[in-house]
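Notes for the one structure printed next.
Letters A, B, C, D and E name the chains as they come in the text, with residue numbers starting at 1 for each one.
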């Protein structure tokens, strides 16, 4: 069973009443220590290190190489704040980074671009969907990423590609790095789609028999999950559309085709979810229709049986009466010929009427 | 139970037939005295006073400090009129300020901007939603706000922030003050959403049993409330969208990111309401489907019992007839073997047919 | 009961086959005499007269004062034609003026603007809605209005305002006069909305009992009426939107805010109708759901009674059989202990099964 | 009964695999001879003749008078081809002219405009709707029209107007002629709408009784027809919208107001169809609801009768048993007082329960 | 039965985690050898050959004649890669060519245009729909097409037209060739539409009797197929719309009218599918309504029979009781007159009540 934790899709209101720009961590992992890793690379080489403190990152600030600062865990507000001040981020951005439950969006500022989106990870072990908020701040020579520190790291494959130096990632700028990370996140949506697809196919098999009382709630549940997924993908698509059409000089011409490709992927995700929704809605309709067809049939059987036997019962009842003067009772062939003949005639007449009305 | 007072969402028609610009108070608190407070502040200091008369406010008219004139209660038309004339407000604005039931909107005039919106306040004590109309008129160095004088004051927190002098509110202009007030109003919508969310979760638990006849009306009622909430939030979102995109010189560049943030919040509110609606609609569908599944089951039981026992009843009736010549009645094993054998055969036959048709 | 005369919403086809520009009166009051009134005014004075012939109006043609020519009744085509020629109106406009059933629209010509809209008047006496077509032709110094001559005159209040000389109407141009007349028409929609609102509230009370067979048709009828109202308001809103955004020099800057206000009113009307529709649809759904819940209950009672008593009836039937050899019949306690014990056991067993399946 | 020939709404695929521009006649009247009529007119005079061959038309090619060449029947491809070459029409246009089943559209070429639309004609005799494809090619001084040669000719009235010389048709150019022809076609849609309207009103009467089994299929059939009509009108509206907004120099300023008027007519047609659809959908809903209300009632009667008499039957069965020891049978007042008293008590108890549950 | 292989509509996720631009073949025909054919032609002549290796194609690279390189089978990645490098295609294009399951799209690059779409082929033998991905890369003097190597080749007819030298294909550029190929693909959709149309007509016949239990699932199945077809046609239409409006200099003015024609075809396909969907939805509604009408009827018969005979059975049961003192049993005319009279009276009374309630 695939499970969605609804509460992760919507922001908490515990900040109500605070002035804008106030940083309040609203995730549910307040205890974990924050881990900062810095990867500095260009076409020729790569330096990778785990920063002990935020000050460690500042060393790379003035270099012309590409610097990727990854912050794992946003529960320690002071760290985010220090980084924010060093890189002159707007207070509202710092607020959004730690305020879990943001709607995916892209915001362009004078010297940097802020991107926030949701990483969905499917845990096949327990069918759980994990939602993790990822923030990216893109500068000309630097990319800072913030993620909640959950199990699994979808960025690892990108890190490997940088280390190996193969492909074009080391040759291109930070904008391509940002693209590569978002692409890795979007790719994970396809895995969830596949799991949903399998579940739907399984339900399709079940529906043909329609005997299981649980099919209906399961279908409703699946439709509900697809609604949630859709609600979470639409703003993603929108945000990547904004990203693709953005004229920010931070995204260079060479990266543009990749952004277009990324946008195509999100359209495919949306398309697939819409198809799934239509399929599940169709299955719900079919299931309900078949329930009512079955009901119809059951009712017909009841009606046929009752319509035949209730009158017959009356006839038998008549001849079971105890009137003193019922001359037919005394007739020799009354029972074998009269009674049974009447019964057979009644049954044949009924069957004829039913048949004419196309009841069976 | 959360209660909405419908009549507050729509304007009264008691003004029909009057010339445009005629000021008629249409709220339901005509008696309360009007209270005017003036806060004049800049980065260095703050003056706060309760104005005895409208003339008290004019003292601040020519200063370059920021002046916030807050009018609590719009039932005294003469006060609104005097202020309006002093600040040269358009007659249509004065009419809208006192005409409760306005659709949230923003109107730009040559030297000021008029904003009207609805403040929704949730009273957890009695589950009542209070709707209060708030008007803001923004000048370069002055902000005038008009609110109906109801219980609770959502502006108090903003006042505190001005008094304390912390944060950026004292450093920025009246446009930021207007933003801060609207933000305080929008934040209160999240509290109502949370109350609705809890109610829906509670109903979700109830629905699994579907035995309560009250579940259906409750679901319909909740859907109805969400419709109302939606109707009240859509124009708000629209208005804040207009505000964000507005090119009025009254809103300075430094305030713009905050307006964008505000707009994001209203989108999140709309998104959440839409999700709630979808969830409740899904629950309604599920509830109805489960009712009809249950009905189906009940009908099947009736049919099985009736289909088995009505023919059996006929058989018993036959042997209860009083014909003189019914030779089988006299046979020694007629009752224990013949009759009961026939009964058992009939039952087994029926069960076989039912089983083959997958009735149970 | 509020009644709509459908035929008034759509144009008659009796003109099919005639060349465009042919004037055919398609209303249903061909006999009434046409009445022309002329009001000529400026800030300083007012001249009011009833014109004997169309020529009487031409006197005001060259003046710089504002002239309002109101034609009551459009059944006399020659009058409309003469006026049209004198003021050089396009033949298509003349055709539309007399061709009742026009869709509200605004058309800009070189030297004038043509506006046509529908006036809805609610007659509380018989619940009838009267639909009247009103045409306005606005010149720089002159406004010509054409209305069908029905009972009641919504323009009278505007006339009073001109006569009294209070307010701004005498100070402003003919564009403001046109606005004032349209505003008077739009105001009347709110009265109809209020009548509909009361009707809906009344139905809301009825629905809670759901015993009245008439509730369903009534709800359908109300939804139908709201559809009609909506169909009639949407083009009005559209037309006033066009009017507001129009860049025609005939509408001066001072009148613009009033047009914006007028547009806000039509949006509120549309909003309210949409809300009403949603409420009524929700009531229909609820009513149907409650019907099927009731049905469910009735069926359960039938099933419980039938399922208990049909088998019992069979048992009684068995012991009413006339077999010669039914030893149990002779047993001393067969009836009081055996039979009634069996009956009680059967009933208890059934009740246990029903209870376990949560049937009651 | 109004009948639509569906196959006429969609193009045949018999052309699949042929190169574009191949002319294949796909109508169903391949045998009829083609008739070409030429009307050449200006303000002063008119020449009308039936062309023996396509070459006859070419005589008018260089004149400055307006020439209208009407081709009745498009089954003879060679004729269309010759005309096409003489007037230098694009091969794709020639293909579309003979390929019945085109979607209404307007295509602008360098020196001419191509218009194709569907003429719907209602035959009141047999209720049949005839669909005929009409193509218009407009040159500065010439209009060529192609129509399938079916019964009835909607262009005759326009021809009469040219012959009579009244009105403005002789004074204006070929663009006005094209407008007049399209207007004649659009006018015929109103006649079909009126026939549909009468049918719907008739069904509205039927629905109130809801006893006729045919009402439901009839309503579905009507909704289906309205869907077809809508599908056929939408592209027409779109095409006339394109025509109205077109900046082609072929349409002169004097003709523009007429095109706008034409567009208004198509909007009214679309509006009316949408209203009809809503009315019919509402009737379907109401009919279904009333069916289920009736079902509910029938079920209640069944349940009341069965619930009362099945237990009574059991009681009678009990006293019909043949146990040797049933002391109550011997009691003097057992039958008149005991039995009938029990029966009356049972009935009264049942009725009380039913009444309390508001079953009747 | 028309069968759609769903998996072909959506891309496989087996590429998740790979860097963008990685070429992975995701079709299901990995073994077939790839076949490359080259056709080089201009107005005067044609050279046709099967290329042994990719290098064979390069010979035509510098010519000014039109070159069409067709690659049958995209499973051999090295071939696609070599061609891609020779013609300097963007890595993302190469990835899309071999990654089966692309959404139809058009991408413009500096010196070429990339088009990908889906060819649907209907196999009437087994009712199977085959989906094949086709990629086109258009250069000024060269067109490269890639198709999966499936049975049947829709391009053969275009090849024939080039060979024969008839029509305009040899006279026009590669843009026309690209158009001709896409047109051939789009034409095949009409064949599928016709097959669907016949199926729907067949179902329309079935529905009138509504006795077949399979009708409902069949209708649902057809609606589902139409949804799939729609999902596959919408992006095609969108892509051809982009193609038509594209301002790429690669598409010359002479080809433009053909692109417009192509776009009209896709609109007709979409229109027809929408009509089919509406028809099938209407049939589903009608079928369900008729099921419930039938159910209603069946219930009425049951109710009439039961309501008449259950009371009669009770009466017969009463006179079958064995009370010692039932004086009526001894009356001479009790049975023939009393009993049967009572029965007849009861039946007539019931029938009267039923008739008054319009039950039959």
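Going forward, contacts are C-beta pairs under 8 Å (C-beta built on N, C-alpha and C of every residue); 3 or more make two chains touch, one makes a residue touch a chain.
Owing to the predicted nature of the structure, the values given are computational and were not obtained by experimental measurement.
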### Both-way neighbours, i.e. chains that touch subunit C and touch subunit B
none
### Task
Between subunit A and subunit E, two touching copies, which fits better, same or different residues at the interface, with half of the numbers shared as the threshold?
different
### Message
Averaging over Cα atoms per chain, report the distance between subunit B and subunit D in Å.
### Response
42
#### Entry: Cα-centroid distance, subunit C relative to subunit E, in whole angstrom
42
### Message
Suppose each chain is reduced to the average of its Cα coordinates; what separation in Å results between subunit A and subunit B?
### Response
26
### Query
Which subunit E residues reach two or more other chains?
292, 295, 299, 302, 306, 310, 313, 317, 320-322, 326
#### Entry: In the complex, subunit E residues that touch subunit A
9-11, 13, 15-17, 19-21, 90, 92, 103, 105, 107, 109, 209, 211, 213, 216-217, 220, 223-224, 227-228, 231, 235, 284, 288, 291-292, 294-295, 298-299, 301-302, 305-306, 309-310, 312-313, 316-317, 319-322, 326, 329-330, 332-336, 339
### Task
Would you tell me which residues of subunit E are touching subunit D in their complex?
157, 161, 167-169, 180, 183-184, 187-188, 190-191, 193-194, 257-258, 260-261, 264, 267-268, 271-272, 274-275, 278-279, 282, 285-286, 289-290, 292-293, 295-297, 299-300, 302-303, 306-307, 310-311, 313-314, 317-318, 320-326, 358-359
